[in-house]
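Next come two complexes, and both contain chain A; in the first it sits with chain B, in the second with chain C.
Let's look at the complex of A and B:
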């Protein structure tokens, strides 16, 4: 049985040609190509099947995700900034400052998500207003879905922050949870505004629900405010409940009160609530009674108000608020199960619930796993895992997080690397992934289509920074080859040198020399004049560089130096044989100088060369018709005469000098 | 069997479809190194080259020199210029090069006694080298020198016929971290799959200059249709994927320490598997076969190979899970 049938995502390609034949290949980073492939067997004679004209199509697939949307671009760029600053900050911080750093970074991520949420919302509303422009409904739907995803990510992250990262003393957990609920369930806040602004608030249908809702969220001041708008607000029952609400103790971290003392105070307060309830203070109003029952932690009453709480985690926190103010992390497991049970008729457990439950169970690994199940890209899980990894790292307990973190980083980076505008971001993550990250970074850099010189330079720069010499060489060779095919010989030489490709560079150098011979023009002379020590890469290149030096010397009037160089070039056999005629022609004006600049020894060398050359040209069938060669043949006699003349002069001159 | 959960959902969208203009079935399609050019080959004996820009494809060349169905095409590394190799039922391997804007044949290798089934270029660190696998059971390795192409043959690599050949990444022996060190000469290695059900690894012996059989891996029970050596991912281990007429895909892992190739069956499919190919980073394996599906596989943290996603004809798309 093929297990891939069970769990894998499936997409259909609507093309009958593919029937029974679909073949797929991956290419680049993340794209897939599909085409109908004819299976072939080795020995059958392939009778052509073409009878009817058929269109054979290929399909190119790429992973799609909300991550590639316009709105998410800022998210991606900002989160890499936070990621990098997190890595640095953690290494630099004192151990006791770690938590503070992590909390700060967690909040940065949250605000990045919230900013993206806001942008998406704005965009969605802008689209709504422009409905006449015919915006596709699917885009709107995508935006709504995205907002939902972002909301949920922030919800999870803020819970993770308070449960795992921003862990303070025991008494404070409840306050954090209450704040978490208040932040993510703002409906009572809105309703409060509506109710209070109405003519007669106490007659508003939502009046009492808003009071209950505020109480359940621990917003007791709000509840009191709404109650104070009731005409009977100054009657005994109202005043009594107001007092109870006012006096409910909340744990203060720096209040100087120990957890034990706080607990005692809180019990004392709740006992007072119970007493007043029993003594019938609120007998006249079942609403006020209900409020008091809530304060007493009466589960039945709280459960009855389930519809005001929407979710089991709201229910859980509200219950804990009035039953267990000093709740500790390990209590949450039971508390959450309990809340789910109480709410089971009202809701279906979703994937989000699984994530939150895992958090309540204090199982970090499970939280990540559950998130992975449903996210279509690793953005969230990667950053979350990195945060958690750093949180527990110094404790040294977790063995699973380090490899998981690396795995997710590689996954996320690979996804980014396949995107034409995000590969640089990918590299920043890959720097933190060990040897696998390095290998992927090199592959990603090499595969970038090099669209221009500046693009190549950029890739080379990024590769050099990371000491990826192989990538640099590869890029240079590709650029060199391209330049050559475009006839840009100077550029080709430069790239050839940069890639230390001796064979290629020689080849191009020869091309330049031949070109000079045919049109008397030096390609990219400035480049060649400044080759520097790199010219030693290949003999031909060295010759080219030196020959340019000769030209420069000659132009500057340094004839003796030029002559010496010229002769050394010839005698050292550095010059390729086909170029000797040119050199001899170059020697001609020097030979004819008034004062001999070429010594007798050097003249003998030149004579020898000339002889060798004329002998070989007589023997060989000269097919080359290069201009320089032709002019050489014309001038051969003249050169001979000049050589003889110079020899005579030189001998005399040297004889005189010696004496 | 326990349920395998995939690690990351991949939502895939069709971004373009290309009308190839081929008159008959396509046998192979390959993107070049940068993903800017596409080469296809077909039973209609032609090799077509398209230029790819985003989601548009433009035909730039239609090469007709083969005398039979063309089975595979392969692009050389761009540092050698724009070079493409093709192999065909007509027993020939042709190497093409772009000159200016024209494509021309620069070499023809006609040294096999029957159909040449597969061609694969070596990593550029070895130079411009091409391996060709033929139905006559032999493998030829062509090397480009200054002015010509030399070749060496591994005769009788697989009895009955050789179906596929793939090169090992050029990691210098001893360098495990792929840090891109230039200088050390990497060892040339290929893997071949044949009709004799074996997967074999061959190494170029530096001293003798001959190709020697280094490993013979048994695991399949029918013709091996395709082999693919995974790109290096920066770890010392090596991975080869092979697929066969026996409907199975096997992943062979060499940990780089013991020198032993351990087989691990990826899956038994519903039909013959013809083709396996690795993503360029070596993380994802694409598997295609007669079961009408293309599935993508990835190794998860526990070392298990799990199926990421399927593209299928005729199967209803399942609901995407949401939070």
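Let's look at the complex of A and C:
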């Protein structure tokens, strides 16, 4: 990043502690944590400084955008639904149905934006009514800004729909362009209502402007309605203009009339208008003359009424309506340049205009590029690119659009993943981004803060759906470690077993054994009693389960089975070394039983173990403080006596049986 | 059964939805509560569904500390909210439609190192049971400042669901898949049950409205188990229901042959066992026992064979966290930041019932 870059933005942290020693660290996805770096001070100075100690604050910076506002946030979830259904619908539909699907989805996006516009407008009006309640002016401002953004998005999207996506009209765009203008410039509709409701409409100051406006927007029926309210509506000039307005031909794609025929008719109609104008039918009223001139396509008259059409695209469409009704897409670029030239004194070209111009030039990449510069976050651009990608995909010619779409999707998903709440939506998008999306999804899932068990389960659920085994193991380990640090060994084992994590489960099992050695009782006996096949996950866990079984058997009085189990546990070396003293101590009461429950073979095993143990402890001498070990040393002699005694008894017993 | 389906996006992830109890026993209710989670500013909101098939309208809301983990009504006007900060609060609907806080019990659930989330609440009369991730079952009386009783679990495993089987018996389910029946009069475990041998966590419990011994449990592997509490050796049936953990299970309060489950795979399923219901021989008008005879259909042989009519009535790309059904309308809240209102669910059944 070039330090002399003009477009870089600077924010200042209003905290005096930060002066000169601010340090920052990025964490999560896009957040920065700022803190003042503490200088090294000698300890002698600390005492004097402690009186002037100030609180040290850490600042967390997060990128914010208009999309996170309460109203705009609904756009995110609504649009993800449309996005997903678009992907599935395209893959399932036959190639000739693609267009219908795309148009439908485009209209869904538009209706989402329109619904948001409506909500925001309602909210704004409600706030206006409650102004006395002291609503902050900033929320009103935010709402106005939001409405502005939404209006622009809807404008661009509807234009893109009719120019690129909706190809039903076979390239004859005029009707749709006229509808587009009518939809986005509703002021004449409103004025018409006002004018017609007033007592004497023809004396209303806006009367003629409304008529002109309606004609320019192609709403000829409205114009006729307003004109009929004029007191001299049944005089010749009015009747004449009424007839002309009524007879204007409009091209219908499936109307059964060919293009050539329509052109002929239209020419005929326009020459009729010109004839009547020349013959002086409207000499009495210059207003009616102006209307007729508009109908004849007189550019000067239309240009004079520029104040009724706020923008160049309105001017362009109105001009085309009366000069070239069979306009096609490739005419638009000239027409738009023309309109801009004619209007250049009255307006400044904005970024929005650049986008619309690019659309008129039929340059998709330019449209996307301009959109990226207008909007400060990729929501609109991403969905627009996705629509355009699917529109041209089956043609197979474009090289740039697929990677561009993927890049934009990744960008948008990354922005969502950094939000504390919208990470799930981000994953839904990343599913459609190819291998890079998969990689990012795994990284994002592992960096989410886990606040509770249900949150962990949701992360695990999303990871398992996408077969990210590594993420599942990692999340379970985090939860297990957390449980361990809280002393909840049972929960820790459960998390270990959930992800079939042998290493971690062994670790926890060792912890449980140590705890048993120091406390003398098992903490999570119910869990260990019912381990079932999960016991085989790790050796230590198996040992733990079997040891619990031994306890249970002993308590139930099944001494022989218990003894057999105990010896098998010892001899199979399943038990960890530090636990052997405990096992030998457990064997002590069995050795002292009246009837020999431990056979001679088993006694030899026990003696071997005892010897190994005493040798190693003599050498190492480490675990002196463990309670079990201490008691073991005390009882070592007793165990030896018991072992030899048992050996003698067992040999006798076995010898007798043979005979 | 066709019905109206409405979806309204609310801009926050919805973790709990609850109908307000109707004014009369067979009346209708049009107000419900929502609780949100995972947002910097979580709220408890009051909504109303208008008479026509329009979107639900927000009436008021109250900010909430931490995530909302459960909401249960104590009386018609007051309800308890459990939070992920380990506290439980009592609120009340005021006359103007707002919410006001009445009482709060903080740090009801805590680990040794910090607060533990409260996971579920249940109410019976004047007693409120609360369970949390610290493995404790806490009994609270709404009029007292401190919890009445604290029953510790062993092993430190989180408890995920709680329900009252009778007024003095509470059933809790844990992350290890153990269902424990506590007798509050005796202060020790009455019985312990095991959900399945594979240590599957049990995420939610639901009680049959009329047959108290029948309990439905939803597990973390997506299975639905039906337990007969009189025979607790093993569950009566285990049905593979969802592709992910089951978030909530609920019997329809008036037509209990209908069971609803919702899960983290984004599906809401409707289990209809009325086809195998035996005809009731007490069919005169005015009877309250509408579940068809003395043997409930859920414990019949057809259900164990899997002969229920299952329909997926909702599909969302993200988990559906909660559902509540009252009368003929079902509401659900999902992580898709949407509230769903499904009307005229059981059209045929409701018409059959005559009051």
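Keep this in mind: the second predicted complex is superposed on the first by the 482 of 659 C-alpha atoms of A that agree within 3 Å, B and C clash if a C-alpha of one lies under 4 Å from a C-alpha of the other, contacts with A are read in each partner's own complex, and residues count from 1 in each chain.
What we mean here is this: contacts are C-beta pairs under 8 Å (C-beta built on N, C-alpha and C of every residue); 3 or more make two chains touch, one makes a residue touch a chain.
Only a predicted model underlies this, so the values are computations on that prediction, with no experimental measurement involved.
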Item to check | Contacts of A:436 with chain B and chain C, given as first, second, both or neither | outcome: first
Next on the checklist: Quick check on the superposed pair: does A:351 touch chain B, chain C, both, or neither? Answer first, second, both or neither.
Outcome noted: first
Next on the checklist: With both complexes overlaid on chain A, does A:485 touch chain B (first), chain C (second), both or neither?
Outcome noted: both
Checklist entry - When the two structures are overlaid on chain A, which partner does A:80 contact: first (chain B), second (chain C), both, or neither? => result second
Checklist entry - Thinking of the overlay built on chain A, is A:469 touched by chain B (first), by chain C (second), by both, or by neither? => result first
Checklist entry - Which partner does A:404 reach: the first (chain B), the second (chain C), both, or neither? => result first
Item to check | First, second, both or neither for A:452, with chain B first and chain C second | outcome: second
Checklist outcome for this item: Counting residues of chain A touched by each of chain B and chain C, the higher count belongs to B
Next on the checklist: Looking at A:64, would you say it contacts chain B, chain C, both, or neither? Reply first, second, both or neither.
Outcome noted: first
Checklist outcome for this item: Shared chain A footprint, chain B vs chain C, residue numbers 485
Item to check | Touch list for chain A against partner chain C, complex | outcome: 70-71, 73-74, 76-78, 80-81, 84, 420-421, 424-425, 428, 451-455, 457-458, 461, 464-465, 483, 485-491, 494, 497-498, 523-527, 530-534
Checklist outcome for this item: Given the complex, residues on chain A that touch chain B span 1-4, 6-15, 18-40, 42-43, 46, 48-50, 53-65, 145, 148-149, 152, 350-352, 355, 372-378, 403-404, 407, 410-411, 414, 434-440, 442-444, 446-450, 467-471, 473-474, 477-478, 480-481, 485, 500, 503
Checklist entry - What does chain C use to touch chain A in their complex? => result 9-13, 38-40, 67, 69, 84, 111-113, 117, 119, 133, 135, 154-158, 160, 175-176, 178, 192, 194, 197-199, 201, 203, 220, 243-245, 264-265, 317-319, 335-338
Item to check | Residue ranges of chain B in contact with chain A within the complex | outcome: 1, 3-20, 22-31, 33-36, 38, 40, 42-44, 55, 68-69, 71, 77-81, 89, 98-100, 114-115, 117, 124, 135, 146, 161, 163, 176-182, 195, 231-235, 267-270, 272, 274-275, 277-281, 283-284, 286, 288, 290-296, 300-301, 306-318, 320-323
